[in-house]
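Heads up, the next two complexes both have chain A, just with different partners, chain B and then chain C.
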Partner chain A sequence: MPEKKIENNQEKIKSSRYNVYYKVKGKEKHALFNTLTRAILSIDIELKEVLEKGDVNTLEPGIKESLLQMGAVVPSHLDEKQIYEFRHNMTKYTAEDSSFVIFPTYDCNLRCPYCYEGTEKLSTFMDSVTVQNTIDFIKRTTVENGSKVVILGLYGGEPLLYPEICYQIASAVKEWAHSNNIVYYGTLTTNGTLLNEETAQLVLPYIASVHITLDGPEDIHNTMRVYRSGKGSYNDVMRAVEVVKDMPKHLTLRIHVNVEDETYKGLQVLDDLEQRGLKGRENLHIYFKQLEPPDACLSLSLDKEYIKKKEKGLNKFPEVWKKAQEMGWGPHMSVEAGSEHGMLTFNIIPCDHLKRGRYSVDPFGDVYLCPMSAGRKHHSIGTLQKGGGLILAPSYYTLLTRSPAHLEGCSECQYLPICSGGCPISIWEETHNYLGSYCGFLKQLKITAIKSHLRHQYPEKFSEVI
Partner chain B sequence: MADFELKELLENNKFDDLTEEHLDVLKTMKILVDDGLDEKKVLSFRYCKEKYSSPYSIFVIFPTLACNLACKYCYERTSELSARTMDEKTVVNTISFIKKMAAEDNTRTILIKLYGGEPLLNVAACTRICEEVSSWAQQLGMQVAVVLQTNGTLLTEDVLDALAPYLTYVELTVDGPQKNHDTIRIYKDGSGTYQDIMSAMERVTKRGIHTALRINIRNEDDLRDVLTDLTERGFREKRGVTFYYAQTSSFGLCELFSNNKLCHDDEERALEMSPAVREVIKELKWMEHLEMPDILQKQKFVACNNEKKARYVIDPYGDIYLCFFRAGQKEYRAGTLTEGEGQFGSMYYEMLARNPLQFEECRTCVYLPLCGGGCAMRAYEQSGTFHTNSCGSMKDFAEKRILMYLKRKYPDRFEKVI
Partner chain C sequence: MKLTQYLFIIPTNHQGKYALYNSFSNTIAIIDEELKAILESEDFSALPQEHITSLKQLEVIREDDADELKMLEYKKKSLRFASDKTEFFVIPTYKCNLKCPGCPPRENTMNEDVVKNTIEAIKRETREKKSNYLWLYILGGEPLLEPEITYKISKELSEWAKDENIMFYNTIITNGTLFTDTIIDQFFQCITSVQVSLEGPAEYHNKKRVYKNKNDEKGRGTFEDIVNSVLLLKKNNIHAIINVPVTRENCHCVPEFVEYLKNKGITEGGAIHIRLFLSKGVSNGVCAPYSPLCNEGDADAPLLMDVWEKVWKKGFRATAKPTQTPYCSGIKDSVYAVDPEGNVYKCLSMVGNPDERVAVLKDGVISAKTPLFYELLSRDATRIEKCNQCKYLPLCAGGCPTAAKTQHHTYHAPDCGQRKTLFDKRIELFLRFKHPTHFGVDEGVKTPNV
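For the complex of A and B:
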């Protein structure tokens, strides 16, 4: 429900604590963005002055009413931080769905140079006892959480190195969910090279959505996504795309684009996809990312070079999107504010993995909140027991009860509602404390994202926002 | 069982002197926990889980604030509430609000509680709400349960014809045996209501609808008289009849809400007489009809059920409240219904963001897991904010309840516990 105010016009109002302003170059205008309501307004300097320093009660009733609707002004007794905290907690503690990301193995048949997944744990895969414990864990936890939906994500490593394990877990969970009136949704994240007719027949009946990554057109892809021998994987990945193409499943393609290259050569892969008949396919989703290790958000989140690159990406991606749209791929993309792969995600928690009902299980039966942290033993929230029990580690409670509205450095920050204090796991990597405050470049990135969003979404008003 | 030496060791953190066997048992029971575990965080997690992820939504509806009785102790009677009745527009808004919030809360079960005032003074509103919400929910695979809390005097066959298809159960109240009841629960002309309530109960149970009877008593003899009468009327052999008892109070608010001397004494007396009362119930063979939370099963992390997400109280003006006992008093409203939706104000967010783990006094209190910081509304009245503790009589009674529980559950070991 929107945070509309029940109070009438006679009541005293004040400026929202979550208004941020950006100047528009060459115009006497400012962009106002409210980080709590996500409202965007174009305002002139006089209004900005009143909002920042003056008495908003003196504004014209009509203007006051619109500003109230947008949340740019609020009743004077309203503590907006409480709204933030309420919504943050609601999102974090409800477990309408329970999601399990399964690592049948950390091993992969590719050796992409940018991938950081460690080598020391590669040779293991989930043994039969752990497979059974995992199945039991999923059933038991979904019921305990009272979830209406169970989401199973096959992940890794390359999950299709062990299609039998994928099959065992997915089929058991799907059957169980059906007979218990729980909605089942299965996803597979694969490099595609092992998705042939045989593995497709075994695993895909339990999968509603397949996720595959392309590093651009053949020549670029084949220098990046390579087998151990150094041979490129492009043709094999495309074969997988074609296998899934004619099945009634969601297909998501992640396409890596180098934003340093002004011609965005990576986009040429779209031409090949068009020739292969992908354009216009129902339930095809594409999104663009810069080339980076899968766990970059943890391993590099405080790395200066990475941040620079990230910032550049935020500024450049609207151009990439525009190009792809011009090529006719608009209907397959969703980049508007609030969507997962857009510029501005509207999460009220730092990351969708950091809430109740999120679990990643690795080949050792170690459970993590976040799949990116899998394998970093310190972040494990427990190890599966026989029968699927899990004794939660102290860190689970620390992570879940972390309350950004009460963190030093966050509680008074205007960007709190769109940042929520950042990722505690990456902060731990820097400070060895989940509750540490490490704003780092986070705020700068949020500001860059907001401005980039304003520029590309409202070019006539905000193309010159600074 | 712990002996004196073990207590010494536990209190002084001298765990090296414990045997392996002791350690195992104590760890399993979480009397000893790993050094790295912050139990406050565990509690905070459980508190929030309970508060923010309720599997059902409760809508307490006041079709009217008016009542056809004039019970001497009623808090609604003494306060300056109007006799306002819900108009048609508000009924429509209430129905839209229930649908909207049930969808937003992603609820599995909608619980509608028809409350008041006397809800059956506005049967049309009761029926329409039940009917429209039920048929909507059915299409979406949601369950609907309707509880009618009534004084029973208006529960005619006609009323039952209209409402029976929706009713999950009916809550009735008697104020002790007839001779007492008829001096307290009275019509406006002063005449007693006991016989009318019994007839209503008869009609309800005949239709197979569950009846929950609240029996207000001063002592065990009151309960003996009422149960004897109910047996004679044949209710003991009926299925779907349950009862619970409460101390007749001259201040009929909930235990959490009250911290004055009167309520304190009431609660004290209730605890004292509890063993004798249970003896009477056993002797008269009513035990299997007794449905009330046991002394310690009352344990909850959130102090009051109405302090959770997905709890809404709607009064005849179309205002939204969080607490039953404040419905109709606009200064306490948490929001208001408008066409097609509800709008919440600051009180709503303040209440929903409350977390006693953030209160200095609660954080260090050993009873916090039993109490949850006490009544938020009381805290607000005392301190002008929901974000503080309100102990009331909680600490006193927590200890007494624990002792009572131990005596009852393990009489051979704890008979002499003090």
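For the complex of A and C:
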């Protein structure tokens, strides 16, 4: 809900700088979307003209009050950019929790054709010194940040290639957190093939949430998520799902769906999951994504084909979610159909990894803000020292103090509150400058996301929005 | 490599020896003439590696690509937006049993709804921020004129914090005239600290802080009652701070007064501290001490410097090491002041002026944030031209936003005034305390409690 702004509607008002308008085909109506408050209104042409060019103080009191509530008009002395900046800074500089994504290795026992991991670093895994430095780093950084919660994410590569390392880090951090009155939350992101009773017994006592990816039903999955030999991994992944099924843990399944396929065959995997007794399981969460490299946001942000596919996905995914809901999986989906696509972000920073209290540690002890950039050494914010110290590189301060409200090209943009200047790391990939203002296809994708949201969430009003 | 822009090189009493003070890292080192010359030349090629390592650790030298302004911005904003501590200043009543010059008589007291809303809002903010600490300050008016409200707020939040595993610190800022054994028994479990005010020696104080209500006491000075309260607090081992405002009128007698408190044994044992601060008086009925950051830009600030020096000579460490002041409450998130009507402010000097409120309490929520809230929170001294190249910036953070507005008609301006001079004095006194052999004779400095 938009924040209530002022009580007295007698004071002078002005139109919000963050109103954007989209025409509705065949109707004398427009959709108004406010990128700061996320308020949505259906307005006629006359009102649109007043909001864009006229004097909003001449509007009827009732209309003024409603528009004030939605943030479509604001007190004339309010600088909305300061609201954006406040929320942006509050989100970015607060370290209520400290989160550590750990790469015990970049190696993986699968050879998925779309995966970003190169081969040159595959044989490396964390040595014992780096493991200890990582544990020390997590402890001292959580304390320095004043965080009440520590989140440990085991990631890779495939972390269960080295279950002992996972165990050492997770058990040490959990034990330390408990004895220091800090809430511990452990997650494991795995391809599932190595999650058997033995590894589960070793690692899962320290894990609250397991995340596994499925590329669809068996026949599709087995063409994509394959072992080095080319053999499909579906049965092994499902075995992992069943291992976790009866444990009191959160289980999140990421299901890849090809939106080019109008029948959404990828959803058939839900039938198998139902037969295996997953439907109705407490704390089972599912979500759908297009098949794409995990680091697509960095490596493909300027690839026209990728952007085309992405736009198609933004338009089609609400249908996928709706279909899954119709199949009875609604309670397991983290968001409602129509409001799910990640591009319509409700976050006020470009990415949840680009904030204080976020760290990714790779097998070499190099630390990154964003796990997707791990391995690209030029984005490293430092290397762990003995005792867990980290001397932060200048790039860390550049990334963290980047203020989109002051960036030329961004500061006056109506889409600033939902894009926050885009990802500085992907901008660096294009411009070699974290502080560049570089839209690329970002604005286009944001607009597509908003329109898709409008169409699917409010079909009676906005099915024909253009 | 390059030299930090936040370096002070200060001569000592010993020829050829200098103190390095770094306002960014708040570190000190003693160096010789040779190293001084190397640092000033910024040619570090002659330095052995271990010296370079040490100087890097002290943040005296940095890599060429280090952007210290960005580092400072990050550091300050991390403090401003840190959520580990939530602070509330609560004014249950404006009523007061004293009549001090300049302080306007006000009578409003929180009604039940506002009390409930205040408690709920504090819990909510602390919980939502996931804070580890809740710092509560209850002040007035005179909060002990409404002991039931003050007790209810203290007790309920104390118990709640305990259940939520949150560290709770509760300070009652009072004129100190109403403490009794009964009050202390009642509050003992839910207060951490008490602050009282003494304006100076009895003769001076009793002209300023006088009773107003009871006929038989009207106009009577409060010095003796306050000192007795302090002794009562001491007896009960309750931590207390005696706030001594320094003004043009009393600056001449403050040093003797501090000595008097020492001689009376009040400062013995460490439970009672004395706090000197520059005061411009109370003009909005909110009886609270100013933080050091508030008025040190004022033209009268050198008075304070003079008092520090005199108090120092009497054997007291009159000022602390210059700390890297977090931004003041006005521009720090997670700090609010609530008045008896449920108006919410960011700074105690703004309390009472509805035009300067930043929100109101409604249904236990800090609601209807005003443009001023966002205006204050967007103040960033690293973007203020006059400030961002200044080596004092880590210490003053641009000074007081309200004073800046008064001087420049905008909050986004510096409040400089006398601050640099005062910081120089702070640094000097700290060096004298820390390194007496290099900075003069300070044998008397044994009790760092002022």
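General observations
What we mean here is this: the second predicted complex is superposed on the first by the 453 of 466 C-alpha atoms of A that agree within 3 Å, B and C clash if a C-alpha of one lies under 4 Å from a C-alpha of the other, contacts with A are read in each partner's own complex, and residues count from 1 in each chain.
The rule we apply is simple: a residue touches a chain if its C-beta (ideal position, glycine included) is under 8 Å from a C-beta of that chain, and two chains touch if they have at least 3 such contacts.
These figures come from a predicted structure and were not determined experimentally.
On the superposed chain A, the positions of chain B and chain C overlap enough to count as a clash. By the touch criterion defined above, A:G146 lies against chain B and chain C together after alignment on the C-alpha atoms of chain A. In the superposition on chain A, A:H77 makes contact with both chain B and chain C. Within the superposed three-chain model, A:E464 lies out of touch with both chain B and chain C [touch as defined at top]. Of the two partner chains, chain B and chain C are each touched by A:F86.
In the superposition on chain A, no contact is made by A:D352 with either chain B or chain C. Once the two complexes are laid over each other on the shared chain, residue contacts for A:T94 go to chain B and to chain C alike.
When the shared chain is aligned, chain B and chain C each come close enough to touch A:T401. Residues common to the contacts of chain A with chain B and with chain C across the two structures: 3-7, 75, 77-79, 82-83, 85-86, 89-90, 92-96, 146, 148, 356, 394, 397-398, 400-401, 406. Across the interface of their complex, chain A is touched by residues 63, 65-67, 70-71, 73-74, 77-78, 80-85, 129-132, 165, 333, 360, 367-371, 373-375, 377-378, 383 of chain C. Across the complex, chain B meets chain A through its residues 34, 36-38, 41-42, 44-45, 48-49, 51-53, 55, 100-101, 104, 106, 108, 309, 333, 335-336, 341-346, 349-350, 352-353, 355, 357-358. Listed in rising order, the residues of chain A touching chain C in the complex are 3-7, 75, 77-79, 82-83, 85-86, 89-90, 92-97, 146-149, 181, 356, 394, 397-398, 400-401, 406. Residues of chain A touching chain B in their complex: 1, 3-7, 75, 77-79, 82-83, 85-86, 89-90, 92-96, 146, 148, 356, 394, 396-398, 400-401, 403, 406.
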